[in-house]
Amino acid sequence: MVKTMTQLMTEDGIRCDGRRLDELRNISIKVGVLKNADGSAYIEFGKNKILAGVFGPRDVHPKHMANPDSGILRCRYHMSPFSVTERKNPAPSRREIEISKVIKEALQPAVILKDYPRTVIDVFIEVLQADGGSRCAALDAAAVALADAGIPMRDLVSACAAGKVADRIVLDVNNEEDQEGQADMPVALMPNMGKITLLQLDGMLKPEEFKTCMQTALVGCKRVYEVQRKALMEKYFQNGEQ
Amino acid sequence: MVKTMTQLMTEDGIRCDGRRLDELRNISIKVGVLKNADGSAYIEFGKNKILAGVFGPRDVHPKHMANPDSGILRCRYHMSPFSVTERKNPAPSRREIEISKVIKEALQPAVILKDYPRTVIDVFIEVLQADGGSRCAALDAAAVALADAGIPMRDLVSACAAGKVADRIVLDVNNEEDQEGQADMPVALMPNMGKITLLQLDGMLKPEEFKTCMQTALVGCKRVYEVQRKALMEKYFQNGEQ
Amino acid sequence: MVKTMTQLMTEDGIRCDGRRLDELRNISIKVGVLKNADGSAYIEFGKNKILAGVFGPRDVHPKHMANPDSGILRCRYHMSPFSVTERKNPAPSRREIEISKVIKEALQPAVILKDYPRTVIDVFIEVLQADGGSRCAALDAAAVALADAGIPMRDLVSACAAGKVADRIVLDVNNEEDQEGQADMPVALMPNMGKITLLQLDGMLKPEEFKTCMQTALVGCKRVYEVQRKALMEKYFQNGEQ
Amino acid sequence: MNSLILDQLKRDKILDLLKTGKRIDGRSLDEQRPLIIETGVIPKANGSARVKLGDTEIITGVKIQPDKPFPDLGDKGILICTAEILPLADPNAEPGPPNEEVIELARVVDRGIRETEMIDLHQLVLIEDKSVIGMFIDSSVIDSGGNLFDACSYASVAGILSCTVPKYEIKDEAPVLVEGVTSKPPIKTLPVSVTMARIGDHIVVDPTKDEESCMDARITITTNSDGNICAVQKGGSDGFTAEQLLECSEMALAVGRKIRKQFEKLM
Amino acid sequence: MNSLILDQLKRDKILDLLKTGKRIDGRSLDEQRPLIIETGVIPKANGSARVKLGDTEIITGVKIQPDKPFPDLGDKGILICTAEILPLADPNAEPGPPNEEVIELARVVDRGIRETEMIDLHQLVLIEDKSVIGMFIDSSVIDSGGNLFDACSYASVAGILSCTVPKYEIKDEAPVLVEGVTSKPPIKTLPVSVTMARIGDHIVVDPTKDEESCMDARITITTNSDGNICAVQKGGSDGFTAEQLLECSEMALAVGRKIRKQFEKLM
Amino acid sequence: MNSLILDQLKRDKILDLLKTGKRIDGRSLDEQRPLIIETGVIPKANGSARVKLGDTEIITGVKIQPDKPFPDLGDKGILICTAEILPLADPNAEPGPPNEEVIELARVVDRGIRETEMIDLHQLVLIEDKSVIGMFIDSSVIDSGGNLFDACSYASVAGILSCTVPKYEIKDEAPVLVEGVTSKPPIKTLPVSVTMARIGDHIVVDPTKDEESCMDARITITTNSDGNICAVQKGGSDGFTAEQLLECSEMALAVGRKIRKQFEKLM
């Protein structure tokens, strides 16, 4: 198939979807969207549409996986068959298993597990429609869903990617930029504690670009945090009531 | 491949295998054909050749599946690789898993499980040669095998399909009629209690045809019941002895 | 692909790799090559390069597999993807599962399991490069690794194949001889107790050839035993110390 | 423990109310819960729908792509409906390969649409025996509140109705997408699945999760636009009398007519 | 519990009797149980057999269909023997993927037939390197009473002998069935598998399930019509002396001759 | 039980020493363990290496064979790196399908080599869109002593550097091996993976197994010959500050330069 190379950026730094270099895509988060889950959130982040549901703390099955000294956190990141251009096989791919692991490890520092020995907290993420940055958007929804479930947390976790496109560092890489750009760096931050809990990079960055890219992503994480906070406030403290 | 359409019925209602509209295929049932199983039966129903073996009540593995208040019933319907025209992969297909479930649910009302808490009764069905109506024939053999195993039962379960072929309602649909006919409706009946425990339909029936078709199938079930009874009598009460 | 038939033997009984009829390939065994395993050995047997590692006696998982009266022995024979000409899928093949079983049964008579009830001894074998006779070489390494792990044993187990190539009985069949020869017979022997614990045959032998072939293999086993002994002595009794 | 007792109390309440002809949520026995259908919710898919049936919620996406026909079915396109219960939909759902309940769900939804011949599959052929259009209708239960059979079926039908089918041309025997040209799928009839539960001697339409937990048996009947009965599946660990089943078939036709009007608005 | 005690008593009895040269079912040490072979039991298959060896019972079906040859084996047809123990055959059998015992069973049965070169695979080629005939010989144990190796092997051989091979013509490089024309499979030799158990110092032919439960080791030897030894498999958690194995090879030839006469009647 | 106490004591010791800027094996914080690389250890493979990084030991084999390109990537050859932890490498490793840790290991090793564009995949094309050369780089951990990420990456790189690529000609649209003609793989750059652990406030390079058991978080940074950062993976159940990560990136570049010199000797 012949494909014309997408023009990823104009000369004055306007990106293929009209954004400026440091501009996030539209983000909206709804809290408590599911009736069965103990906590839940739905995020639209650009064209990403992602659901997160949390159950727990609850008993562990199989029992031998339980930890007598602490609760455990499990995470499943899964893409719907219709979420991507070519229909995806519903069985979890190796990519989904790896992302499940890094998301779990990004959430774990924020969750206070010690108080719930022998239990599990399950975080289930379903990507209904995928765009660039789905793992960050998934993390953002999952952190809110954990809070909605009343799980005690040290901090939220806020995630956003930065990257390199047409030789420039940009915030919040979209699908086209991810596929044809030069680098993609997803980052997750515990915003109040200043702790980076997820960092990945695919691409090629000079050392100074690496620094700029990370700082750009961290700015994005903090903006995402405001959206997360607002969404939780709207559910829990609207009109001054709990 | 070009295939000439089978002539499914003559104008005076004689079917492709020579039967009349309300005529069953030949059925023969042998009881107690296996030495290892606690109960067993072999049925030939038209060209169907099916074995059923029952084990139990016995301990449940894995143990967490046991029910402290009642026995459980498990059922496996499986087709031999050589049972159909194209060699079948021996791994259970989704079709076999669904049929296993509906057969289990068709037998369950007849089996008195309350008396055997924490145990399982396993019903294993092997279709050695498949023809139209294999799930009904399998059920017929399984019910007899359960009785042969001495499992306490409220009633037998007797199954037979009816269907629509060449615009007419017929009893006991065979393979050609199933594949080229208009509707196939397998039905299972607890004959003494008048309870229908399996009902499926694939095809297209007017509401009045639906009623006729069901009634036709029920007549078939009752005739099958006589064959089941006779087979059990032959084993257990021949010559006046137990 | 057109392939010229390998000349398997000269008229005066010199084989394709230059060996005489009753000559073994080069064998070298190193004991205790792994730090994590409780016992280990590395064997080069012709072009075979095989690692064996032993863990145990240790607790059995899952627990219901434990035997209250005796230890159990488990064995896994596995080929690396790069060990054969065409890259091998890393999932265990049916061939590998069968070989694992026959190796386990060949080692079992030599291992004193009664003293370790409820435990397991795990033997893991990795074929890094495969040549003819890999199961025998694997067994030879596994027996040494068991001894290295300090598992109490009645005897070593020493294995070697014989076969029929160009109408003659030969010792220690190599890859070309295995594939184009007339018979391959792997044999394992407990050398001090004179017990044959593995015997397989693929090919075609007259009854008198069967006898000669087995005797030839047994001679090979005894020579392998000397190599095994020497390797263990070198590790444990070099310079007169334990 | 407490929740087990609450469950038991709820079951007792359901049974008590049914004796007086009432349901715990105030519905009459033959009344469905409100059905809310939203389409186009997954713009990247060729068709999609989000369906709420009471507390049950489904998202369905349709993917359309060229495919090879099944052997011996070279004159027909491919239509495959699947269904899965996402682990976030139900505290008892587990990740992993589908169990027998999910397999039954997916197969019954698929048969309901297939046996009514909702889509004219002959119109999905590009080159006979070689190349056809495949439609994959994947339904995910995102909130489980009873009667997943009907909810998944409605979401699948709505997803199909919302589809735009891309156009393919044949070049060098291979299908090539024609950008910007689409059509509606070739719809022949509108299947409506109606599920009823028997609780004691009572038949209730569209059971909730609580009603399912105390039902004796279940029947799902799919009818088409012409008022024919096209697919039936009995479930549950007890049976029905013939009279009850005939009553169910009439209910399925009556309820089906109402739902079908909602579908017609989507066309 | 009681049954464990009974099992132990039975084992003691077997061992006691063997000391006096007798077996619990009255057979002599080198005597097989009666072998009953019935062919054509699955008319829809291309070949089939039902075999009883004492209390062990097997059903084998043969399916023949065009296939692609294995790479580098383009001048040979395909022959695959499988074996499975149905869960109704044995209280200890479990549904699911085959365990190591079943895999060994299937592979030993397959090798016995393959290594004797029972079938001339070169005659099953339709177009070299492109299209060949594949024969799938699937054996199911329906009653497990010991010595599954020999019983499955006999059922496989009988199934093959009962085959009618359909004729295929090549049209446009693809095989097309020629209706109504069949032939016998190209048989070169008759393999006979003979399994012996060592119990203490005694070698017994064709062990029953009870004898297997107290055997020390097992050996399966397959011979062909010319009296050659073609496949051997030792099993069990102990070993044999060389003398015992030579004794076994003679027994396998002697018993093999008797069984082969039963096969010859099927040709 | 005792070994649990010993483990705890060892962790305490590691933490105590770090407070004084020391490591339990005497290394400085930014010092790697000795790296020993041996190539050509599997002569039957197209390339191979045995790598020891302290107590960790890896064997990597490279297989090169013609393959079909991935769809939409018809102008590139195939490069796939895998990694597995053999059960003999670690008392906690289990046979069976890879768990999430092994999947992460394999994917991070693969990305490190892929994202640096070590190999010019365009040079591995035989016929565009139809036939390409595939390189499979399979790493097996045979002794697990910490920092499997770097050890597997080094073994993969060394395996690739040791490769001889066979020559294929196209005949009748199919690739045919040209015997006796080989070339070196088209290397563009040398990736070096450097893994660091955070233990409390300390960052240590190349953690041992004992250090891993008490680390808070882990970061793996891969750099190329031009001093660019090409792949990063954070792991572990806690995080880093931004300052710590920048410090890590500098360490990765510095340590990377030393390791790269060892690779250059292999070219």
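Note that the chains take the letters A, B, C, D, E and F in the order they are written out, and that residue 1 is the start of every chain.
By definition in this document, a contact is a pair of C-beta atoms (placed from the backbone, for glycine too) under 8 Å apart; a residue touches a chain by one contact, two chains touch by 3 or more.
This structure is a prediction, so every number in the text was calculated from the model and none was measured.
Enquirer: For subunit A and subunit D, what is the smallest step count along a path of chains that touch one another?
Expert: Each step joins two touching chains, and the minimum needed here is 1.
Enquirer: From subunit E, what is the lowest number of touch steps before subunit F is reached?
Expert: When the steps are counted carefully, the minimum from subunit E to subunit F is 2.
Enquirer: Farthest chain from subunit B, going by the mean of C-alpha atoms per chain?
Expert: F
Enquirer: From the C-alpha centre of subunit A to that of subunit B, how far is it in Å?
Expert: 52
Enquirer: How many angstrom between the C-alpha centroids of subunit E and subunit B?
Expert: Centres of subunit B and subunit E (C-alpha means) sit 32 Å apart.
Enquirer: Taking the mean of the CA coordinates per chain, how far is subunit B from subunit D in Å?
Expert: So the centre of subunit B lies 27 Å away from the centre of subunit D.
Enquirer: Return the distance between the CA-based centres of subunit C and subunit D, expressed in whole Å.
Expert: 58
Enquirer: By the document's touch definition, which label belongs to this structure's chain graph: line, ring, star, complete, or other?
Expert: Topology of the interface graph: a ring, with each chain touching two neighbours.
Enquirer: Quick one: ring order starting at subunit A, direction subunit D?
Expert: Following the touches around from subunit A to subunit D and onward: A, D, B, E, C, F.
Enquirer: So in the complex, the part of subunit C that touches subunit F is made up of which residues?
Expert: For subunit C paired with subunit F, touching residues are 34-37, 40, 47, 49, 51-53, 55, 58, 76, 78, 80-87, 90-92, 122, 124-126, 128-130.
Enquirer: Which residues of subunit E touch subunit C in the complex?
Expert: 72, 100-101, 103-104, 106-107, 111, 115-117, 219, 224, 227-242, 245-246, 249-250, 253
Enquirer: Could you list, by residue number, the parts of subunit A that touch subunit F in their complex?
Expert: Those residues of subunit A that touch subunit F are 1, 94-95, 97-98, 100-102, 105-106, 108-109, 185, 190, 194-207, 210-211, 214-215, 218.
Enquirer: For subunit F, which residues are in contact with subunit C within the complex?
Expert: Of all residues in subunit F, those touching subunit C are 41-45, 48, 55, 57, 59-63, 65, 82, 84, 86-91, 95, 97, 136, 138, 140, 142-145.
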